[in-house]
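The following blocks contain the structures, represented as structure tokens.
Heads up, the next two complexes both have subunit A, just with different partners, subunit B and then subunit C.
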Partner chain A sequence: MAVTPTAALVQTLNGIQFGFILFMIASGLTVILGILDVLNLAHGELFSLGAYTAIGVFGFIIGIIGPPGGGVVGTAVFVLAVLAAVLVTAAILLPVGTLFEAVFLRQIYDRDQVYQLVLTFALLLILLDVKKFIWGDSSIRTDAVYSAINTIPTSELVGLNYPTYNVFVILVGMVSVAGLFWFFERTKTGRIIRATAIDREMATAIGVSTDRVFTLVFALGAFLAGFAGAMAVPPTAATLEMGTNPLVLSFVVIVIGGLGSLRGAFVGALLVGVIRSWMITLYPPGEIAAPFAIMALILLVKPEGLFGTWGETA
Partner chain B sequence: MKRTTTDHDSEGIGRRQLLSAVGGSAVAAALAGCSTLLSDGEAADQGGQSGGEISDEPIQAGLLTFTRGAPGVLGIQAQRGAELAVQRINEAGGIGGQREIELDVVNEGSNPLDSYNQFIEEGKEVTFGPISSGTHSQIAPEVEKNEVINVSTDGTVTTLYEETVPDPTYSFRFQNYDIMEVVTMAREAVERIGADNISTVAGVNPGYSFGEDEMRVFTQAIQKLTDAEVVYEGFPELGASDMANHITSINNEEPDVTFSSLWGGDVTTFVRQANANDMFENTTVFGTTLYSAAGDVPGDALAGTDIYSGSRNYYWGLPALGNWQPGRELFDAATQQEGVTVPTAHYMSGYGAVTAWATAVEKAIDLLGTYPSQEQIAQVLEGHGFFTPAGYHNIAEDHQGASNSFAGQMVYDDDLGAARLDDVNTYAATETAPPPGVTGSDWLDSWSA
Partner chain C sequence: MPERVDRDGTPAYRFLGVEVTRRETVFLVLGVVFLFVIPDIAGLSDSLQLSVIHQGLLFGFAAVGLNLLLRHTKLTSFGHAAFFGTGAYATAVLARYAGIQSVGLLLLGAIAAATVMAAIIGVLSLRHTGLYFALLTLAFGQLLYAIALGQSALGGSDGLPIRPGPANQPLLFGTAFSPDVYQVLTYYLTVVVILIGLFVMYRITQSPFRNALDAIGQERTRARFIGLPIRRYVWAAFVISGIYGGVAGGLYAVVRQYVRPEGTLFFLRSGDILFMAILGGFRTLVGPLIGGVVLIFLQDVGQDITQYYEFLTGVVLLILVYGFPRGIVGSLRSGGIVNARLSDLRREPSVLSTWGRSAVQSIERKVTEALTSLRIILFGVD
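Then we have the complex of A and B:
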């Protein structure tokens, strides 16, 4: 099929937008894996919990400020309110992550990894039932955010037909990437976390509390999952099963990028997002297989992934 | 060209008149499911034949349906429909005037075969469901092995009685199957746009057997009715959160018609994202099950869209609610049930499956004077004709139900608080289904251009 330059650009943007959502999910997963050495099977449910929570938070905040007012100021206030709602949602996930790490995971660090898998799978099932208990069986959605943000002209200004919400996701994703790298490269806490990841014994010897670092990292992972859930839900709906596919794709992303590598997760997420997008354009039946094919190829050529594991750089 | 339109205001005949007119049991009348072979009014007054050989032990029945998640948008409708039918049967005195039904509802979920087998182990006398075509293909052979009647609510895959279970005895399907709803929409596309104006077609369908089946049949049908070329086929997975790539591909091709068999929550996701990408400026969407999201899709998402949807064998305005008892009663009762904004075709899938079985059992009791065996019920179900508020239905010798099909423009109704179909067309089963014994593919092949 002939693809026009405009369609090619839009498909690439679709892929980048999807890639940023994937990165937001996979970054939490890979940070936890890289530092705690725990493959968190409940990560998809934390993402889903973020989506469910966001619907309530969006409703509450938009209920206070109302629909977007006219003019630049009114629009800016609405967008900032949506961003605040996303951050509040992610912050709500912080104590959830803290609780999981301190109460459950900490007890089994010394045991075989199978115990971690069983435990995090149990947490997955518990979270599933918690969601069912709180929100019921049916899917729920927020209608205000997606349609309201799409009324703001962005891509139309340059002659492109592309939803403004997707532009919003890409911009927020870029800021998130920059923020995460800044945190791990430039802040003291970030450096302590990296030091703990590189050599846990040495970090302990110089006075770093690994318990505290582990709790912080797991809470950060939950924060990122919640952030991703809040960003992903406006165009779609929160459903009980929504955590499964992102978890599987996130595994693919971190295997491609290198287990525990934040840089790898970023490159892997964009790679999966864009290639999947182009696969749908050129050969739609290959949509699901494409990410796994890339993963298999990378594993054959570079078994440790594109960027190896967590190390001197994030 | 206008075919048959909705008429909500006509006066209709009442329950007593209906009973008197056609003859039937209290159960049949309660369901508006009067078998053509039912007995005279005397038996009806007794609530069916209730001889001493019929015990008063409740009938244990099982319903396999989706009770949660995105598919729950359909499954809960079917559940509520089945529950209302059971309620009406029990209020009418039960089957044969003596045996009430106890309906056990289980989520179709990820292990539907296990759930079905659990029903059998528990001694269920009849099972209803499933919703999914994949599940139906799994359980239909088991139904035959277990020799316990199953009347499926949906699971409408075309190949079920052509390949999976080609000579069924205990497996029946109430709802119109894939070929019927797809041919309905192919005819609807030609009706609305005109064959000469359809030269390109695209498809966005669920990425599993149902969606693939529907696209294949639509392609075959539309290419018989027009000279259309298929320019894009996308198959997003069930519950996909992101359909932007498929939408962009459609915008790239600008097909005259986009066919979709997306259903439930996926419809809402697709419509919202398509609207945000201005897809409706480039194509007209015709879908078989888009109306299944009637209570889910928000008004702003439907604004400015160009969507025509089928509604399988039931649209709540046809026959007119006031003309066909208990049409109005059913609509009002349904909208009071949890999870039902308006009853959709899947509501009728549940209601009709129970009705098909119940009226067949009543007919068998009437003929035999005692409670029938599974085999006897199966024999009566073959060729069984009955009514529901959706109209007249027949289950043919090939075990496939055949009814009218409905299709119309999907718009949002602020008063209803849900989507409705506007300017509804009705298609007879003879226009949409192959004759019994002829495969769908052979039937479509036989159409002259």
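Then we have the complex of A and C:
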């Protein structure tokens, strides 16, 4: 099959866009893994909870400000409103994550790891049906945000027909990646979290409340998952099973990047996103299998993942 | 002939290497008889379906295999559906493309395929322990799921039927039976396979091999220092547990006469298998089997009474994690939590109100704790 340069570019951009979404999910998962030593199987459900919540929040905010007004100012207001909606959604997920950690997980840190898996799996099942209870069986969607943002010309300026919303996701993704690294490298809280990851006992000894760090990290993970859900939902629809695929792909990302490594999660997410997207044009049946094949390959060459463990550098 | 031996002061009998006290003999015989009369019991009521119990036994059997890893080497495999699915798909492929009709040959094919698969996945994933191992097994399971989904030769998401040759179903003893008879006969075949499998597992858990696995599970470095070939032992255990999954999957395919990726290879099935082991009690031999029947039965009943049956399963798992971490069998056996509570109750019935109070108190305490953490997160420590 002949692939034109334009098509290749579009697929690459799609891959990068998906990679950023994937990074937001995987980064929360990997930080939780690195610090709490818990594999949060309910993380995909937090992502889809974010998507469902976002549809409501988008509707609410668009109801207030109305459809985008004409001119640069009107468009800018609309984009800012969408960003605000995404942040509100993610903020709604914060208490959910906090409750998960403080009420459920905290009780069983000293038990066998398998119980933590059972617990997060139980939470996965419960969240699944909570969503079914609130939003029903069928998928729900919102087209307003996607179509409104797509009216802004971006890629058309360079002669490429590419949805502006995807460009928007890539830009927001870049900013949030930079923000996350800034948070872990430069802020005091970020450094405390990293210190806890490197040596929990030492961190306790110098006066860090690890309880607090644990809750914070889990809440942060939920925040990022909700953020990703809100960013991912406008072009598609929110469905009950939408959490599964990103969850499993995040596992692949984590293994590729190295357990608990933020930098690894970033590289892994873009790699998985782009390769998966290329496979869609090159060899469609390989789309699902390709990420796992890369993972197996990297494991053979570098068993500890591309970037090893996290802590010393973000 | 059974031979009398003495075990910690209680008389016991030893037969074929199985050592049982009189009490255990009663349970053993009752259990076997119960397994054999299930088709009769299932005929009595509509809510009890043989196929549901049968499926529970099959998944439970896979969980028995997984339990070898979980109980002794402390490795949590989150991809056991890979072997279940490999067995099932090997059966389907053999029936469809090689035209093999005999159930025995199909099962042998399933075992061979699962062994090879377990050997490969084992080599790749056993370099790691803990969560990394769980992640890797899960990812390999999903890889197989993706392959089954993507290959049209394997039927894609529609799956494959098992209808070899001119016969509409695989042949037992070289004969085709009517569907009803076939269902009951395959059930008895399953029971026989399960009994053999449990016996083999029992012998494994009485062997030095099990002690070596225990040592590896408790302290790897020390086990290496005393000269245990860790890699090879763990790998062997992994392959054995994979074979159990493969046998269960092969039987599943023969019984259902249809395999779908969703029902055999999907990672939620891996989760199910793991949780059956925990639910039944992963420190026991038969626990996973019972956990399998209970979980599948629960899901089936749940599906009938409410559309929110996942919620129901989730709540059961929560109760399990906080209230009965030893699982059903572990809690019921002597010294387990249920017996202790029952004897408390018999001695002093007023203990009930104490339990109620302590339950309320602990819930209150947890809510306060949660609120405190929330306050601390939001406003910091003052």
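The rule we apply is simple: the second predicted complex is superposed on the first by the 314 of 314 C-alpha atoms of A that agree within 3 Å, B and C clash if a C-alpha of one lies under 4 Å from a C-alpha of the other, contacts with A are read in each partner's own complex, and residues count from 1 in each chain.
Quick note on the criterion: contacts are C-beta pairs under 8 Å (C-beta built on N, C-alpha and C of every residue); 3 or more make two chains touch, one makes a residue touch a chain.
None of these values were measured; they are calculated from a predicted model.
Chemist: Mind working out whether A:Thr75 is in touch with subunit B, subunit C, both or neither, as first, second, both or neither?
Modeler: neither
Chemist: Using the touch definition from the top, say if A:Ile108 reaches subunit B (first), subunit C (second), both or neither.
Modeler: Only subunit C is touched by A:Ile108; subunit B is not.
Chemist: Please indicate which partner A:Pro303 is in contact with in the superposed arrangement: first for subunit B, second for subunit C, both, or neither.
Modeler: A:Pro303: touches subunit C, not subunit B.
Chemist: Tell me which partner A:Thr204 touches in the superposition: subunit B (first), subunit C (second), both or neither.
Modeler: In the superposition, A:Thr204 contacts neither subunit B nor subunit C.
Chemist: I'd like to know which partner A:Val252 touches here: subunit B for first, subunit C for second, both or neither.
Modeler: Only subunit C is touched by A:Val252; subunit B is not.
Chemist: By the touch definition at the top of the document, which applies to A:Arg212: first (subunit B), second (subunit C), both, or neither?
Modeler: After superposing on A, A:Arg212 lies in contact with subunit C but is clear of subunit B.
Chemist: Mind telling me which of the two, subunit B or subunit C, contacts the most residues of subunit A?
Modeler: After superposition, C is the partner touching more of subunit A.
Chemist: Tell me which partner A:Lys132 touches in the superposition: subunit B (first), subunit C (second), both or neither.
Modeler: In the superposed model, A:Lys132 contacts both subunit B and subunit C.
Chemist: Who does A:Pro285 touch here: subunit B (first), subunit C (second), both, or neither?
Modeler: both
Chemist: Touching subunit B in one complex and subunit C in the other: list those residues of subunit A.
Modeler: Touching subunit B and subunit C on subunit A: residues 132, 137, 285, 287-288.
Chemist: Inside the complex, what are the residues of subunit C that reach subunit A?
Modeler: Listed in rising order, the residues of subunit C that touch subunit A are 70, 74, 76, 78, 124, 127-128, 130-132, 134-136, 138-140, 142-143, 145-147, 149-152, 267, 271, 274-275, 278, 282, 307-311, 313-315, 317-318, 320-322, 325, 366-367, 369-370, 373-374, 376-377, 381.
Chemist: Report the residues of subunit A in contact with subunit C in the complex, numbered from low to high.
Modeler: By the definition above, subunit A touches subunit C via 33, 37, 39, 41, 95, 98-99, 101-104, 106-108, 111-115, 117-119, 121-126, 128-130, 132-133, 137, 209, 211-212, 215-216, 219, 244, 248, 251-252, 254-255, 259, 285-289, 292-293, 295-296, 299-300, 303.
Chemist: Which of the residues in subunit A come into contact with subunit B in the complex?
Modeler: Touch list, subunit A to subunit B: 1, 3-4, 6-7, 10-11, 14-15, 17-18, 21, 132, 136-139, 141, 143, 146-147, 150, 161-163, 165-166, 232, 235-237, 239-242, 245, 276-277, 280-281, 284-285, 287-288.
Chemist: What does subunit B use to touch subunit A in their complex?
Modeler: 67-70, 72-73, 76, 207, 231-237, 239, 241-242, 244-246, 248-249, 251-253, 265, 268-269, 272-273, 276-278, 296, 298, 300-301, 339
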